[in-house]
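Here chain A shows up in two complexes: once beside chain B, once beside chain C.
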Partner chain A sequence: MTAKKGWMQKLATIDPRVIFLLLFICVGAPLLSPVGLPVGISPGTSGMYKFIEGLPSGNFVLSAFDMSAAVAPECYPQVAAFTAHLKNKNLKIVEVAFDSAGPMFADQALRDVFGASKDHPLYGKNFVNLGYIAGGEAAMRSYAANPKMIQKDFYGKDIKDLEIMQPLSSAKDFRLVIVITGSQVDNFVRQFGDPYGVPIAGAVTAVLVTRVMPYYPAKVIGYLNGLRGAAEYELLVKRPGIALAGMDAQSAAHLLVIIFIIIGNVGYMVRKSRRS
Partner chain B sequence: MAYSFLYKENRAYRIAEHIYLGAGTGYGAILSAKYVYDNAWTPLVKGNTLWAIPLLASLLLYFYFSKKHFWIYRIPTAAIIGIGTGIVVAADFRTRLTEQISATLLPLFIANDPYKSLNNIIIVFGVIGSLIFFYFSREHRGPVKGMVNFGKYILMITFGAAFGQTFMARISLIIGRIQSLYLWPAWILLPSAAVLVGVAISWDRLRQKKAKSATEKK
Partner chain C sequence: MKLKLPLAITIILTMLSVADYYFKVPAINTIARDVTVATLVMSACAIGIGIISLTKIHVNRIAKKKPHSLESVIMLVTLAAFILVGAVLGSGDPNYVYMFQNIIVPLDSAMFSLAGFFMASAAYRAFRARSNEALVLLVAAVLVMLGQAPIGEALWSGFPNVSQWILDVPNTAGVRALIMGIAIGMLSLTIRMLMGHEKGYLGAGA
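The block that comes next holds the complex of A and B.
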């Protein structure tokens, strides 16, 4: 009994650094030698995929980067996956950022998917990176009213010289707005979805999903749930990447935490029963 | 270096933190300045004098640093807050209030679709129960108490789901960072970072030891 009590007490007062170390091993080991656990497709991901799949080629899609560098491990794999899908569908991609870190990732996505950004022969015809627009939600509202409100793109090219920008007069010209964010989608629903009737899709961090779900499927036609959403999309577009490679590590870490939660609860109940 | 914080607070972590903050702030400031230069300053010097108004108004923000003329700073601030609030509140009333309420008015029983019926019952009674939980003007008794309890469980499930999602997000961040460390030239920096962390922690320990012995001598 005494030995049992000591064990329980030890568990209750375990150094958090031990948990960090175990977590690090659980994440690192599957990355080095992947197991290849199956990944199912969630309704949010398939909703977004099916919608893009149904768009006729040549339609305009807005990729709105409202993401900071801190959420890049979750959001960037999503961006790479859906940009590849947009390219395969021959859709016209307009990239714009409402966070200062956004243009950097927009440029990276173009280089990863098209092989080049501003130097690509199709730049300005099939895709464009407009860069950062300061002003938060006020900027979103202005941009939705007039997508040509800015003078130059991210690389300093005049908007008037970019062929892709000429037919755009308001947010109504976009068939889809994909919001890449770690903060909120409400502002895009407010400024793009509701006033112009443009469908919204979310490439969001896992933290944000519970805030996106009230809009799904009426206003947000689909959403990618963090790294898992990115992995699902990589599967759908047959472009396995870093998200899919990270899924084993994600499952191993979840399993470890579930074990810790069970141990913690058992310990709590044992102590409670002893006290009573 | 940043992850060394998990072991303990140390100088290497603080160096990493300051570099991150400095680089991020500098990058953001440059992009903001470029945006103003491209979209306000350039049209102004080309003859579109209307741009002088917002540019001059924005300069008034610098009166924040003047004790005597601080009130001038309040003028552009009031405009920013007023416009920002107007843009959000007017649209938000529809997006997050009226349309969410109408989306909650669902039929409780749908013929030949028990799954949807159950879903609708949970949504309708979950919303009502959660709202009653925050109604404090009367004591929760009788059938109201049942609704409150139901609302409480719905709220707890929501918090649990949010926590689970948050945990998943944090793990994704670690996965992303570890994956980036596999790539060239990041992995070659690992030994240097490990040495820096080791030095920083030893340095901190040495200083703590010295401070302790100095206190003991006193």
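The block that comes next holds the complex of A and C.
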């Protein structure tokens, strides 16, 4: 009985360092040796993919980088996947950042998908990286009213010399605004969606999805749900990458947390029944 | 006068922003756009003030040889290196991007990822079925976790549907109520500011 009591006590009070170690193994092992669990496509991802698929070639799409470096492991694989889709559809990509870290990820996406950024022959014709505009929501409002509000792009090139920028007069000229963020999409709905009637899509962290869902599908036509959303999009555009590789790790980590929740509750129930 | 002037500026600018949204009057729209641009200039200046303030704090800490002075030195050296490379070569320069990708991104991502470990430990210690409400929350959390990861679908094909229903119906209803509540709160605050009843933003004693 004493031994049994000790075992139950141990179940309810596992050292956090044991949990950290097991979680580390659960995340690391599948990355080294993937199982390849099948990934289904969720409605949010499907909505965004179908919308882009339906856009005629040559239409303008705004990629708005409102992301910090902290959310890059979740958001950047999404960016790489949908930028590849925009390229395949021959859409004109305008990248702008409302977070100081954004332009660097915009540059990385161009290099990963097109092979080069400012030195690419199509830079300034099919795609552009405008850099960071300070001011948060006020900057979004100004940019939506006048996409040519800044003088130079991220690389110091004059906006007047960039062919892609010439037809743009307001947010109405964009057929889609893709918001990459770890904070909120509400401000983009307020400044782009409602006043100009531009459809919004979200590439967001998993914790933010619950804030995006109330706008779907009326205001937000689709959204990518964290790393899972990126993996789904990689599947749809047939461009397997880091997100798909990370799905096994995510599965193992979720399963471990669930097991620990069950263990914790079993220990708690047993102790409670003994006390009563 | 100290109180009335800022109050008058706030009321005029708020009314201007509201009028800009509802009326297509070129004069109003132009002034409102210029005011927004002025806001952007102030935001850019705020970044500069932030850098000066941060530098003063850390220089002071180093001068007084307070604990963790080494971290302050590292912070100031990094800040100076980024400003120097950014100002001389430009933030679009490959060297600046390389520094960002290899210093900021790994550090920031690692800090954010640590939350995962603490959440796992906290879920084990705090997620207990102490009441019926806690039990409902616990079951919903487990179902959503299983539905969000491919392992759930591999165990039972119904998990993603159950998870999606929880997110689509109870969750969305709750968040919509929250968003609407915030919007009504913001509206009432704006009306109070327009009428001069809200003076908290003017500082203590207003």
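Quick note on the criterion: the second predicted complex is superposed on the first by the 276 of 276 C-alpha atoms of A that agree within 3 Å, B and C clash if a C-alpha of one lies under 4 Å from a C-alpha of the other, contacts with A are read in each partner's own complex, and residues count from 1 in each chain.
In this section, a contact is a pair of C-beta atoms (placed from the backbone, for glycine too) under 8 Å apart; a residue touches a chain by one contact, two chains touch by 3 or more.
Everything quoted here is computed from the prediction, not taken from an experiment.
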item: First, second, both or neither for A:210, with chain B first and chain C second; value: both
item: Chain B versus chain C as contact partner of A:150, first or second or both or neither; value: first
item: Touching partner for A:59 - first (chain B), second (chain C), both, neither; value: neither
item: Which superposed partner A:260 touches (first chain B, second chain C, both, neither); value: second
item: Partner chain in contact with A:242 - chain B first, chain C second, else both or neither; value: first
item: Partner chain(s) touched by A:73 [first = chain B, second = chain C, both, neither]; value: both
item: Partner chain in contact with A:189 - chain B first, chain C second, else both or neither; value: first
item: Residues of chain A at both interfaces, chain B in one complex, chain C in the other; value: 20, 23-24, 69-73, 101, 103-104, 131-134, 136, 138, 141, 149, 156, 186, 195, 206, 209-210, 214, 225, 228, 250, 253-254, 257
item: Residues of chain A touching chain B in the complex; value: 17, 20, 23-24, 27-28, 31, 69-74, 100-101, 103-104, 131-134, 136-138, 141, 149-152, 156, 186-187, 189-191, 193-195, 205-207, 209-210, 214, 218-219, 225-228, 242, 245-246, 249-250, 253-254, 257
item: Complex contacts: residues of chain B adjacent to chain A; value: 6-7, 24, 27-28, 31-32, 34-36, 38-39, 42-43, 83-84, 87-88, 91-92, 94-96, 99-100, 103, 158, 161-162, 165-169, 171-180, 182
item: Footprint of chain C on chain A - complex, ascending; value: 14, 16, 19-20, 23-24, 37-40, 42-43, 68-73, 101, 103-104, 107-108, 118, 129, 131-136, 138-139, 141-142, 145-146, 149, 153-156, 186, 195, 206, 209-211, 213-214, 225, 228, 247-248, 250-258, 260-261, 263-265, 268-269
item: Chain A-facing residues of chain C, complex; value: 21, 33, 36-37, 39-40, 43-44, 47, 90-92, 97, 100-101, 104-105, 107-109, 111-113, 116-117, 119-121, 123-125, 127-130, 138, 141-142, 145-146, 148-154, 160, 164, 167-168, 171-172, 175-176, 179
